[in-house]
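Could you have a look at this structure, given as structure tokens, before my questions?
Going by the order they are written in, the chains are A, B and C; count residues from 1 in each one.
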């Protein structure tokens, strides 16, 4: 289709322009070599060679992300279902949840630090809390959105008990919950990395900080670019899945 | 003499709110015989839909009793009664075929059989070729056909229709009425229809009950002994009669 | 049984929470090395504002953070709202440019922070830039959604009335998109504020976040909590102002 080709071209042009400007900023020495590494430098063998040394940082961080995410997902989904059971309870607590989402959780970070110490635990707790709200809010929305007429119809058809959940309620809430889960990925990753940076505990966050202090610019940009590309890929993939799941929603 | 399938005796329905008690239906008594097509008609808010919901077992009467096929109604009876509503209530994440199979799934009908039954009724309601389409791809009339197919697939003796064509434009409405009669000619059922449309009542019914405005009681019963298909010239006197009954205060 | 009005319950919950917190810390059930008490935090906050405190540099840091907030919020709004609306209104931009923006903002912005302070130093500039990077996407996304949802009937109406593009914008698009704009700003500002505080924790010579770190190092828990309280109050105020603006601008309901 014509529009698809046009937009793909525009995108390609923008990306190439971005890479070009980036490269030229370095090649023409507009920005000092201590601050910027050019794409050409990142694609050299030495940049790739240094990378395996950093793998265990990535391992730790991924581990923390997975645990934090699991905690956020379980609490968020369960909490979301519980909260929607009573309309009264939901109405009372709703402003608090919205407020909690709007408050920078980072402000409470010192408390976590004091409670859980300087290690992975604080990172995981903070990461979980960052992701929790998005999942909770989306789950509640999903459950409250369930069309009550569908439930009436199900009753008249004789659909009882677990079947009501498996055939009507769950399929109805899945897109909303998935949307929350998708957004939480970025939040949890962000929370974990921020915590690692602030605490200087082992992980990609800390790695980036160290590389920047030591002016190891090439490795710094390499690691950042890797994280960037991975996250872009993951997010786009999740968006794709979400739109497939939500085809009937609107 | 046909046997009585539905017996409504002295049924009332009251709703209490904080400030007042509202009587939606006030002491209605009537029968529906096997194979009859009964329509209940009345001014807006007269309680006709409430009456249907009580027969369907979706609401309990405040007083009086309802017997269906000799059994007291205490809840939905999906083996005896199938209900179609104004809103088709199709599950948006399932295609037409799978939507029709929903009621059969409640009865644990095996997969192959379900598919066959569903296909049979898809054809009967005129949706051949649309079995794999999703609700958002269908027009209002087509969605309602699917809902009716779902009702028919339950193979009950009794069919309750609560303003099934209310959301459709007039032409589609008249068309669907004709189609309904064709379908009923093939699958003998006892039908209770609730509608606003005087023309519809005159076109389709063997008997019409006219209700008063709230609290709803039976104002009058009218027999329509015309053969099908009915022409507008035949039904016009009945339409006039119904209109007089509805607009004139008791 | 009549249930109490929502606000009564909410207020009681807040009061109860504060009371319980006070009691728990007063009787040392909460570790005093970790938790301060409501009274002690407020008292410390009072000291901070009064200038009679061991923690130096409160006012310069306060001004620095407030400046960063003002600049970051200003930029987020000035860039985000027009850009977001343009992206939502123009169908081609939605299909071509929006995916790139979504892709860019999939990157956890924190990984860009070391690069930012490498280039821009430890002062106000890098916090502002970082705050904008963190908060911009929410505004872009919401304003774009707001522009997209303008019912086409309104556009047809405006054409038949002979509106110019400017009039269409002012009289139809913006009023109908206001709820999206304000909710975008609320999210964007809260993320932006979080970014600024995080930046001050990580690498800064000045600012409330930096003060919190200092107070932590000095084990002055009361001052830590006082400053946390201050940040929460600022965030809550901004949130309320935006909610107020939104409710004023949307007294009507779109038919």
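Following the convention adopted for this analysis, a contact is a pair of C-beta atoms (placed from the backbone, for glycine too) under 8 Å apart; a residue touches a chain by one contact, two chains touch by 3 or more.
None of the values given here were measured: they were computed from a predicted structure.
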Contact-graph distance - origin subunit B, target subunit C: 2
Most widely separated chain from subunit A, with each centre as the mean of CA atoms: B
Chain nearest the overall C-alpha centroid of the shown protein atoms: A
Between subunit C and subunit B, distance of the C-alpha-averaged centres to the nearest whole Å: 54
Distance from the mean Cα position of subunit B to that of subunit A, given in whole angstrom: 50
Subunit A and subunit C: spacing of chain centres that average the CA atoms, whole Å: 19
Two or more partner chains touched - positions in subunit B: none
Of subunit C, residues touching subunit A in the complex: 3, 6, 9-10, 13, 33-35, 92, 95-97, 99-100, 102-104, 106-115, 117-119, 186-187, 190-191, 193-194, 197-198, 201-202, 212, 216, 221, 224, 228, 231-232, 235-236, 239
In the complex, subunit A residues that touch subunit C: 3-4, 6-8, 10-11, 14-15, 31, 34-36, 88, 91-92, 95-96, 99, 101-111, 113-115, 186, 189-190, 193-194, 197-198, 204-205, 208-209, 211-212, 220-221, 223-224, 227-228, 231-232, 234-236, 239
Residue numbers on subunit A that touch subunit B, as the complex places them: 147, 149-150, 152-160, 163, 167-168, 171-172, 247-250
Parts of subunit B lying in touch with subunit A, wherever the complex brings them together: 56-58, 76, 78-79, 81-83, 85, 87, 89, 91-93, 102-103, 105-107, 134-136, 150, 154
